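Letters A, B, C and D mark the chains in the order given here, with residues in each chain numbered from 1 onward.
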Amino acid sequence: QSQAKTQAAPAPKPWADIGRAATPNEVKAWDIDVRADFKGLPPGSGSVDLGMEVWEAKCASCHGTFGESNEVFTPIVGGTTKEDIKTGRVANLLRPDYPQRTTLMKLSQVSTLWDYINRAMPWNAPKSLTTEEVYAVTAYILHLGEILPADFVLSDKNIAEVQKLLPNRNGKAFFEPLWQVASKPDVQGDACMKDCKTGSDIRSILPEFARDAHGNLVAQNRVVGPVRGADTARPPLE
Amino acid sequence: QSQAKTQAAPAPKPWADIGRAATPNEVKAWDIDVRADFKGLPPGSGSVDLGMEVWEAKCASCHGTFGESNEVFTPIVGGTTKEDIKTGRVANLLRPDYPQRTTLMKLSQVSTLWDYINRAMPWNAPKSLTTEEVYAVTAYILHLGEILPADFVLSDKNIAEVQKLLPNRNGKAFFEPLWQVASKPDVQGDACMKDCKTGSDIRSILPEFARDAHGNLVAQNRVVGPVRGADTARPPLE
Amino acid sequence: AMGAGASAATVAGAARADDPAIVKLPAHTTGLGQPVAARGYGSPSQWERNLQRRESPGLTRVSAASVSFAPLQGMFGIITPNGLHFERHHQGWWDIDPSQHRLMINGLVKEARVFTMDELMRLPQVSRIHFIECGANTGMEWGNVAVPTVQYTHGMLSCCEYTGVLLSTLLDMCGADTKKGRYVLAEGADGSSMTRTIPMANALDDVMIAWAMNGEMLRPENGYPLRLVVPGIQGVSWVKYLRRLEVGDKPYDAKDEVLHYVDLMPDGTHRQYTSLQEVKSVITTPSGGQVLLDKGYYNVTGLAWSGRGRIKRVDVSVDGGRNWRTARLENPVLPKALTRFNVDWVWDGSPAVLQSRAIDETGHVQPRLNQLRAVRGTRSIYHNNGIQSWKVAESGEVFNVQLN
Amino acid sequence: AMGAGASAATVAGAARADDPAIVKLPAHTTGLGQPVAARGYGSPSQWERNLQRRESPGLTRVSAASVSFAPLQGMFGIITPNGLHFERHHQGWWDIDPSQHRLMINGLVKEARVFTMDELMRLPQVSRIHFIECGANTGMEWGNVAVPTVQYTHGMLSCCEYTGVLLSTLLDMCGADTKKGRYVLAEGADGSSMTRTIPMANALDDVMIAWAMNGEMLRPENGYPLRLVVPGIQGVSWVKYLRRLEVGDKPYDAKDEVLHYVDLMPDGTHRQYTSLQEVKSVITTPSGGQVLLDKGYYNVTGLAWSGRGRIKRVDVSVDGGRNWRTARLENPVLPKALTRFNVDWVWDGSPAVLQSRAIDETGHVQPRLNQLRAVRGTRSIYHNNGIQSWKVAESGEVFNVQLN
């Protein structure tokens, strides 16, 4: 996108020394990410027992005692089975009628759970947990999901083994065409211009009772112009 | 600028009948412009005497009793001479040292004065004058400028004669290059790139006393970035 | 008569009463208005209050981890005014003191470095116009019609002129290993400390570290004082309040790469790292929840965009996709930017279904919703770029519909 | 060291203290922020308050017949955010009820017509990016340096994406006699009922009747709900609160065509109907009244524009015009729109004079101030498109200067 007109700079990259080296403590303070290969995971451990204490004190109010609440977010726990733990694929993800997709149904990397709790939870006090508490509460969530036993102590030493128990650990697929511009798309439309074959009867329309669910649309459109907002406090015009 | 891709419209100009015909009264209410050839000037008249009354009641508070005030705007009257009335060129416009350019020094069309007072004055009550008052106060301003005598009655009948008395009636030049894109500019720079001849010593710089005349510049620049605003409450940095 | 506005219908030939809005001069024509700089930073007219960003009720449980949608139904051209830019926060928005903000770059670099805003804003800069679309835009409509208006179907979409430094410039300054380091992690400074993996190909191409949008600094809601701009890629990757970049040899499997922004396929797998926003378009006027004032001529207008590059063509159908006409594209047509289209339409008063279909410079044609569903099912949430249908009823009211 | 920011100077090799802004996590990293749609229409960060439109003290006597200048010294790219668009009012600004606003077209037309906003907004529309510059921009500087910063030297300049209907469409609808009718008068609805004569050539080319700027309706300060957009022509012709257009066979000699916006020449005549804004550019950072924080690298940035079409090239000098280097132009480069340029500069700490010089597609080269004065004298007030000089003192402070 940049112009070919670019002139030769007065010297090669004269901006090169702007900024400064980071100190080790600075990198330590901010470099908190934990990768799937556990690069970045600090040494330590935490028990399901301690996890329950943390959970009930700092998490349950939002996520429910059993991680089942959908008050502030989709449930964390639920929808996975012993069978899933064997296969590494959550069977309920195949059921279109299954009511919701919980965190544990989708979770394919235990590092993700650890990393996210460590960086963002509790929601109103992110980064307030100790490393031990993060291990512990991660373990407790997996215990609520019947993946870890009640006496488990999760640590940097055994976390790779825990990964192998995740119900949906085999549930992810990398799909290049939505990652790389150059790839060939999986769905292509057609550019037909005349007498195109297309089912043109209406399959879905907003149900009458939802007409006003987003507020009165007359108040969400301009007072002048080629159109007005529909007055959804009333039934549709005849 | 529009795209060549434009498709054939479904019918020729299907928007043609949007809008409606204006009624005669509507055109009359809004079509108030008066051109140099007096097209648009309503019939009527007004005396210098009435003009003085109007002026003192409705204009003098802003423009001064003799149109000389620069309290709210540049003076309306002043700077023209009997000699100018003869030549139709205001001699003071040649003097770089002449303190200001009044309305009457620049006025080349009497229609302009009539039209503008009619549409816009008094400033806080535009369009409140009667046609007679506009004739009258126009006449009065020209009287203040010693162009019309005290007993003059300006009207649509004699206004073309008054035009011939304007001190600067011959003072305008039409200059096509600043009107038409295609014309050749009167001033052309040069695109010299190396060792160009140019007087590079400083001819003009803001005087020290004006440093803070626009307020403290530190408060007119961002709190971050490659630069800061100069603290003009203090003398320049050494 | 065709083309007669409802508020100004006229009987041809009949004598017409004078319009009081003309013959009675209004106060603003006979009075003195307000001074300059009455508002050192201005705001829209009081008559424009209806055009606001809004949440979609029931979409999320808490407003600090939610979305507000841009009112596309009343917007023009391609530039989104900053006050109406859509919002997406995971842990609320902040107005950060820029003098205390830092950017760190670490990982596979010769030297981990830290930059202040003063330093970043001294670097060689670029200004470019790009769209941003949330990967979940139109996500509520995979299965059935769910929301009434284009604000809620497509309003997680905006387009601004960004100013900043290219990420490639910064990577070069730190001596990044761009061979081994095939990924860049971007991390925010807010509570969620949002993390997203960026492919090195994008990082070296057109990704920007931006501090400005539309001529002024970023708005707090959009990441003041620093955000990543990842042209063509879904909004979640445009990390706000950007504090850190890490060069790595593997992707990072962040929460929003494992639990969200993953596309559920019919076979129960989730596609991961689906970032690209594919070719898409939507008619913004007339659109769902609007009522046409009369029969006759309308200028049908909308937006088209593609994460793969420039828009090449937009076609519009008024009969539910059987016949199409090519729309006019307004200038400029820029890569990975919104493109405004307009097309003539005469409404004869009978029911009609309006659709638009975009084609990008790679030849990718926006699919029908059913073509999309045939491959991806109906439960994906993300990356719904299907053709939108608006049904105009005889009453003039426009409804969001999906066709068979 | 070269490139070291004043706030982060570093001694190579020495152990460096940890930055508390990094190691002490800030409140926004450890807390929960504000919800979406906290502001349905947003505003800039509290830290941006310094960037406001401002009057120039002493320029006019009353603020309702005055100018407020855009803060170019802190702006980016080419789009002017609507809140910072410069203002020029002759009788104050209004916030007009758009449902009561009318546009009349009369004069040399088959049928004089009236349009409501509903009707106008149904017509075929275009969206285009154009600059607007007041004819008096930089007018205070014909004789000598008069003001300290680029806000006051060049701030009667803005650039937006406008949406509206082409004037040619409306003239056609009314059956305008475009042969006899060589002029169009435009008239506003405010107290001043501003009138300006537009050449028919422009009227049939790219003049727009616009209702929107930058994606939303016009701001009240800029003519809500309707203004004329006259690309390439001085701002006074962009009549706000537009109520009437008249087709005529002669120019109209309006107050602002006879008493103002006339260019006083050395021979005492005034050039009349000088409307075109000629090729021009200015460096916005660093610029007058700013202080460079340190020696070393700077990205010198600015704006270029021409009423005759596209910008072809911008050159920058740091030695008062003896030597020049060509700047990078950011995309898009559009006709009669602002173009953003950037160029590298390493400041060695000695005094320097920065200048920019634009060349447009017609080959018109922006003149030096003295080249301009040689032809037009020093008393014109209008259409000063001379090269601007900024002197960087050893202290880093930048001054507005004029060279011999």
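To be clear about the criterion, a contact is a pair of C-beta atoms (placed from the backbone, for glycine too) under 8 Å apart; a residue touches a chain by one contact, two chains touch by 3 or more.
Treat the numbers as computed from the prediction; the structure is a model and nothing was measured.
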Interface with more contacting C-beta pairs, comparing A-C to B-C: A-C
Geometric centre distance via CA averages, chain D-chain B, whole Å: 21
Chain centre separation in whole Å, for chain C relative to chain B (CA means): 44
For chain A paired with chain B, centre-to-centre distance based on mean C-alpha positions, whole Å: 63
Residues of chain C touching at least two other chains: 3, 5, 8, 19, 22, 29-32, 47-48, 51-52, 54, 62, 74, 91, 98-99, 104, 114, 116, 118-119, 122-124, 126, 128, 191, 193, 217, 225, 243, 293, 296-299, 330-331, 344
Residues of chain A touching at least two other chains: 1-2, 15-16, 18-22, 26, 30, 123, 126-127, 222-226
Which chain pairs touch, all of them: A-C, A-D, B-C, B-D, C-D
In the complex with chain C, residue positions of chain B that touch it: 1-3, 5-7, 9-11, 14-23, 25-26, 29-30, 123-128, 222-226
Contact set on chain D toward chain A in their complex: 1-5, 8, 10, 16-19, 22-23, 25, 29-32, 98-99, 116-118, 121-122, 217, 225, 296-297, 313, 325-331, 343-346
Contact footprint of chain A on chain C as seen in their complex: 47-48, 50-52, 54, 56-58, 61-62, 65, 71, 73-74, 90-91, 104, 106, 111-115, 119, 122-124, 126, 128, 144-149, 151-152, 169, 172-173, 185, 187, 191-193, 195, 199, 201, 206, 232, 243-244, 246, 248, 250-255, 257-259, 262-265, 267-276, 278, 285-286, 289-293, 298-299, 307-309, 315, 319-324, 335, 353, 357, 359, 362, 364-368, 370-372, 374-376, 378-379, 383, 387, 391, 393, 395-404
In the complex with chain C, residue positions of chain D that touch it: 3, 5-8, 19, 21-22, 26, 28-48, 51-55, 62-64, 66-68, 74-85, 87-89, 91-102, 104, 114, 116, 118-119, 122-129, 160-163, 189-191, 193, 211-212, 214-221, 224-225, 241, 243, 293, 297-299, 301, 330-332, 334, 340, 342, 344
Residues of chain B defined as touching chain D within the complex: 1-2, 13, 15-16, 18-22, 26-27, 30-33, 35-37, 39, 70-73, 89-91, 93-94, 96, 101, 103, 106-109, 111-112, 115-116, 119-120, 123, 126-127, 171-175, 177-181, 185-196, 198-206, 210-211, 213-215, 217, 219-230, 232, 236-238
